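Heads up, the next two complexes both have chain A, just with different partners, chain B and then chain C.
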Partner chain A sequence: MGIQILLHLTVMLVLAPLLFGIIGKTKALFAGRWGAPLFQPYYDIIKFFKKGNVYSTTTTWIFQVAPLVYLATILVSSLLIPFGGLKAPVYFWGDFILFIYISGLSRYFIIIGALDTGSSFEGMGASREATFSCLAEIVLALDFIILAILSKQLILSEMVGGTILSSWPLFGPVLLLVGLSYFLVLLVESARIPIDDPTTHLELTMIHEVMFLDHSGWDLACVSYASMMKFFVLGSLFVNILIPFHNLSAILQTVVFGVGMIGLAIIVGIVESCIARLRLNRIPELIIGAFVLALVGLLIILIKGV
Partner chain B sequence: MNFFLYSLAFLVFSVFLMLFSARLKKITSGIFLCSLIVGSVLAIISAIKVLVNQTSLDYHAALRMPIGEFYLGLDALSAFFVFTISVLFLMSGIYGYFYLQDCEKKNLNAHYSIYNLCLVFLLILVTAKNAVLFLIAWEMVTVCAYFMIIFYDQQKVVRKAGYLYLIAAHTGTFCLFIMFLLMQHNTVLSGGQAGSMNFDQMLLTPFSLPLAGLIFVLAILGFGVKTGFMPMHIWLPHAHPVAPSHVSAILSGVIIKIGIYGLLRIILIIKDFPQWCAVLLLFIGMISGVGGVLYALGQHEIKKLLAYHSIENIGIITLGLGIGLWGQINQNEMVALLGYAGALLHVFNHAVFKGLLFLSAGSVIKATHTGEMDKLGGLLKYLPWTGHLFLIGAVSICGLPLFNGFISEWLVYRALFENMFQFKINAIVFCSLAIIALSLIGGLAIACFAKAFGAIFLGNSRCLDNKQLKENSLFIAPMIVLGGICLWIGLFPKTMVSFVLRAASVVSAVNLSPIKQSAIISPLITMGFVLALLILTIVILGLLKKISMNFSCTKKAQTWGCGYSLPTSRMQYTASSFAEPILRIFRNILGFTVKGNKPSGYFPKEERISAHVVEVSEEFIFKPIFQGIQFLASKLKIIQVGFVQLYLLYIIAFLLLLLIWKIV
Partner chain C sequence: MPGRILKMHNCQARLLADIPEMSFTEFRDMSINQIQKGARVVSFFGCLDENKSIRLMMILAYDKQGYLTAFSTIVKDAYDSLTLQIPQVNRFEREIFEQWGVCPKGHPWLKPIRPQQTLNNNLDNFPGKENIPLVSDFFKIKGEEIHEVAVGPVHAGIIEPGHFRFQCHGEEVFHLEISLGYQHRGIEKALINGPDKRTIHYMETAAGDTTIGHALAYCQAIEGLADCAVPLRASALRAVMLELERLANHTGDLGALANDVGYLPTAAYCGRLRGDFLNLTAFICGNRFGRNMLRPGGVRFDLTDSMINEAKQRLIKTFEDVSNAVSLLWDSSLVADRFDDTGSLSQKTALDLGLVGISARACGIEQDIRFDFPTGIFKFSQIPISTHSSGDVFARAFVRWLEIQRSVKFILDQLNKLPEGEIMAAVPLLKPKNIAVSLVEGWRGEICHVVITDINGNIRQYKIVDPSFHNWLGLAIALRGEEISDFPICNKSFSLSYCGHDL
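Moving on to the complex of A and B:
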């Protein structure tokens, strides 16, 4: 058990920044540039870890602890998801509820961490984060409802594993709809274009990134590392839903999983290159769109019966 | 049973003692503290004994009552509520004892004795086995609570809120009278005689489904007004903010829950309900839950915000009840157990964390003399205990892992999901709706408590000079106990979950086999392991950070103002602006409006802007109804002219009418 957990965490800790490198490379290629090296995110994180910290006199311990809680919750929630051949090391009946709520815990802490600085920009980002994540959570809940009905399971690794293969021939369209709506949730939760632009220069238009204006050194390293791993965790769930590979051998599964993750990163890169960021007041409409997609999936199940 | 009766006797004795020793203030408050501690500890012991041994106890008193008999019984359901009530009353009472120390001018003795009297009647209420006794206790609790709410009765707004509470509570009681009469009418004694008011007899007689439905609707109306189901909740946001904080805590933690107890008792007695009753409960839960938290987001005053959150939590409890009833109707034992257990555990959890939050709010108000969130800020440094305990309460009420709120929400979620595995279309539809509502409640609650905690305790002070604030350390102790209970249930839920499962098995009449019990509890133990892992990870990361900080430099600076060099604390994001994006999305439901003008021109003048939500059910449902009643009543003035002779004539005319009716 202990070794499994460590292996799981190591895989994620090592591979998560690579996805961001791939996204960056894809975007650069689309823009006709050669771009930063593939391993740039690693260099960034190492650089942040080496830097000293600057703390605002307004802040309390909450500001310092929030990045740690953020990182820790992502690490723990990754234990509930299988990575290809690596089975989920921890599982129990109803663990996906913990998965949703543990991300709520990290969100709560980064929001109050942002409010702790007393900066109006960070307050603004916190307010937007609270609004959009709370809408995205509904879509996530609906996706999980469909997966639970199809798999007759309440264990996250089983809901996206084993039985999903047998549902593909019968409920292919439903799973595609779930995958699509989940993809939009993934974009919202990991703060990518078209919801949020992490590379924008204007604080007024940011959502997620503006909450970390005052973070420096270790805290900034934790936050950016955690964001990369959050993308990895959410992305691996996406790959598990969409690519039915669960009866292959462990090595093949891992290969398929790896290819799927790289594919996901490239898709996100392409989406970011082709679409502009949405206006803030249009974002709820996008999330409601994702909700409707999942709802159509549920209706198909209701009409067809299980 | 002995412990329970001793507790009652002790408390009753103390009530009289306190009234008679009114002159000696020191002695009275000493009596209050001692009697409260002894009385509630005895009640807690008796409740735990029943919950552990799984035996129910009965007590028939020899004393004759006008109608019915003095008949008390402690089964697992009653014991669970006795436990909840005693724990919160004990903690709030100790807090209140210190909180009211500086109110020298008030008649504290009366307040103390009414506090104990309220506890006595609450304990009788949840153990009464006779409908008349139940109603007497119900009314007495209402009256005691009224006197506690109007503690600061020199203010007009307090008197008005108390009056509203009294009217609302009595309107509900009217439905309860009809309900119990119907139940009595249906109950037939063995000798073929008229009905009985004893719950035992009612339990033995079968109720036809339509009658059960009618009784259920009356119960929802009667209990719902006090409990604060969404369209009938109007008294809550008025009464909670004006009461002293420890009274708000027990109002929100205990007194609104007795309606839930009443509903559970009715479900236990009648057993068979039509399917739509469960659907009705689920819908009430969804409306109260989502509506409560949305209105809470629109509030600017801390205690009013907490009052709306009580409605939200009642919504979660009702969702649990609804899904439990659904399972009971469809003979799905697991769902019934999970649903009721989730609802009951949330009753206890809500009592604990909402008590904690109200007590912390009281501590803030005591120190700053205001509850307006947009005036406060940065209190965490100056009121550290209060701030951290408020944080514990806030994380718990959002239902986040590590604390108790998550355990009960997990049980409710699990009941909803398991109910979908039967693959009936209506089950999938209603359960999906409920799950979506529950997750929306969760997300909105996070936003709301990030707003409340952030605005009050983080950042810089917006108006006040924080440096002069002092924390009263005396009333922190009961808050620490409540915070500890939150953490204890969150990490080690086994004991409390097994208690609520026993109560749930009594309500649903499902035999609690060890297999079922372990199927419910063993995932929670694994979850405890995951949560321990989470804490371990945070600690390891913290240590790593501490070590690495030794090698790099740490500087202090001002918060970065994005290039603006003279930021003031009034430029911080306010609680109203934090909630604005969400309220704007739901503006049509809430009647959310922003008043005021934006500054314009090169040299803008001073402008004001303010955001409000409209209480829809108060403005558009109850106000028109009561205005209509007032209008009709004013028309009746025609027959009231002030001549005694005329009134005598009315009486004679009425008697004649009666005579004619009797003859014909």
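Moving on to the complex of A and C:
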């Protein structure tokens, strides 16, 4: 199991920044530019790791611990999810609740880390993050409930694993609803357009980025890296739900998974290239829309019976 | 009474002695009266009289009638503030206070606007001396749930320095105070005793993105004071340059607005297309911002027939691309949701604050110097006024798009029938003891230069009013009740100049 865990983490550590590179490249091509190199996110992280940390005198140990907790929680939650041919190395009955709570823990720490600086920007970002992610959490839980009912399982990797294949013919529409609502959660959680603009320089409009304005050096590397891995984790769940490939050989599974992840990155890039950001007070409406989609899915299952 | 105020036209030189001098009560009543009749303050400033007393000059514009009026009063070290009755003189009174040490008693917010030197050499102690921006107090709202957000003067983007202080309740902005002055260079003081070799360069850099606008206002003022007739071909070329500057900036602003709402397609293309317009400017005069093109008496660079053809082709091509990029912006419902009803100003507020340019026209106010106070070639071929009534970010963006279309048509018209002849005329000496008010519709709005000459025909005082000077307060008021996260698009929709304000 130790080797499995190591392999799992290595795959994510190595590949997560690539997805951001693909998103960036897609956006650049849509804008008629060549854009930054595909491996720019790797260079950025290496650059941050080479730099020293600067701490404001108003901050306490919380500010320094937050990036590490954020990184650690993402690493732990990744272990619950299969990456193509790689089975989830850790699983137990009811572990999807751990998944939800661990993301809660990571959010809690980045929020209090941001509040610790006393900066008005970071405070605003923290308040926005708290508001939107607590709404998104409900949708995520609802999606998990549907998957649990469909698969009659309470283990996350089983819920999105083999049994999802047998659900597709009968419950395709429900899974599509789940997929769509989950995609919106993914955009909220990973702070992408139309919820947040990861490329903007305008602190007043930021949600996620603004909480890391005062981080530098290793801390900044940790939070940037963790954000990329968070996208990888959430994205792999999405690919597992929407692309049923679990009866293929392990190698083929891995290939399909890889293609799915690249496809997801390109889709996110296209979404970002084509639509504008929402006004901040519209974001709850979008999340409520995602909630309604999931609710309809749940109703279909409850009425039709599994 | 109206016989007692001096009527003048745009760029017309009048004897300084002809400007009526009245008692302060009369001056005050006259100002209020005229503003009620629809006049607008284009400039209000102090100058030193021959017998060393300070004279306040009020220059009003009547847009519908197309003329200006001037009247004045002598004050000592204080007078009753006019701001409560005429909100548009707010900043002018603060400026007079720090330039001349004359206190407007009862001014609601008498705070320095720039860290500047006094123009009154008789004063040892003047309020501007210790004016350091940021040191002074800001308006504060007290309460448990109120939080204050301070932005700048160092910003994340590549923009000029300015400090913004928000009083917020959650995401909602209750009050915004804008503190500028970081870019004060003392231009007005440096122009005294000119014009000399450096004068034109001060003008071209008063606000770098409005090089042509300010240089044109200066040239026209000097030509008015010297009774110099500019050749028709030069006038046409000046107008072409002015409109090219408008095209470049409007295109850039539409792109920047798209960028601020994260709408990539328009943002990406408009940035490049702005460059195309700048390159077209450089094609004519060798500088992307039009530096060294304008000089009193005419222009320095002519266009040959082959150049005219190439310029036309490039303009048509760039305009096609801009049309495509901008139509994407109007077609996006998400963009419409961000622009509509964001940063709205009512027409009444805009009139009260004396807003000019795009910001005023976006509130449905028909006001455009090219139309109301035409000079040069605009006397013969006019551009219709582009307005929109909603007063929000969308209106300000849409007025820009209307102006882009009309400017392109205007430039093509001018290039098609460019008058033959010289491009430069000799400029005689300036008439002594005269005053001229020169108005130009720069891309932001009305640029006002007032020049007063001394007994030798040198500049005794030079007063510059950039459109930003009128409009910054408009931005602050537009933000009230808005979400703080909408500040960047509101700011960009006004697109005001920091250095033009700070001078």
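Points worth noting:
Here is the rule we use: the second predicted complex is superposed on the first by the 306 of 306 C-alpha atoms of A that agree within 3 Å, B and C clash if a C-alpha of one lies under 4 Å from a C-alpha of the other, contacts with A are read in each partner's own complex, and residues count from 1 in each chain.
By our rule, a contact is a pair of C-beta atoms (placed from the backbone, for glycine too) under 8 Å apart; a residue touches a chain by one contact, two chains touch by 3 or more.
Keep in mind that what you see is a predicted model, and the values were worked out from it rather than measured.
In the superposition on chain A, contact is made by A:124 with both chain B and chain C.
In the superposed model, A:8 makes contact with neither chain B nor chain C.
Applying the stated contact rule after C-alpha superposition, one finds that A:230 touches neither chain B nor chain C. In the superposed model, A:215 lies in contact with neither chain B nor chain C.
Residue contacts after overlaying the shared chain place A:25 against neither chain B nor chain C.
Of the two partner chains placed around the shared chain by superposition, chain B is the only one that A:57 touches, whereas chain C remains out of contact. In the overlay built on the shared chain, the residue A:203 is in contact with chain B and with chain C. Shared-chain residue A:104: touches chain B; no touch with chain C. Touch counts on chain A: comparing chain C and chain B, the chain ahead is B.
Overlaid on A, the two complexes show chain B and chain C touching the same residues of chain A, namely 120-121, 123-124, 127, 203. Taken in their complex, chain A has these residues touching chain C: 27, 30-33, 120-121, 123-124, 127, 193-194, 197, 199-205, 272-282. Listed in rising order, the residues of chain C touching chain A in the complex are 147-151, 156-157, 170-171, 258, 260-265, 267-269, 272, 332, 334-335, 337-338, 342, 483-488. Against chain A, the residues of chain B that register as touching in their complex are 377-378, 380-381, 391, 395, 398-402, 406, 409-410, 413-414, 417-418, 420-421, 423, 425, 428-429, 432, 435-436, 438-440, 442-444, 446-447, 449-451, 453-455, 458-460, 519, 522-523, 526-527, 529-530, 533-534, 537-538, 541-542, 545, 548-549, 552-562, 567, 569, 571-573, 577-582, 585. Interface residues of chain A facing chain B in the complex, by the touch rule stated above, are 5, 49-60, 62, 64-65, 68-69, 71-73, 75-76, 79, 90-95, 97-98, 100-102, 104-105, 107-108, 111-112, 115-124, 126-128, 130-131, 133-135, 137-138, 140-142, 145, 148-149, 152, 154, 203, 213-214, 217-218, 222, 284, 298, 301-302, 305-306.
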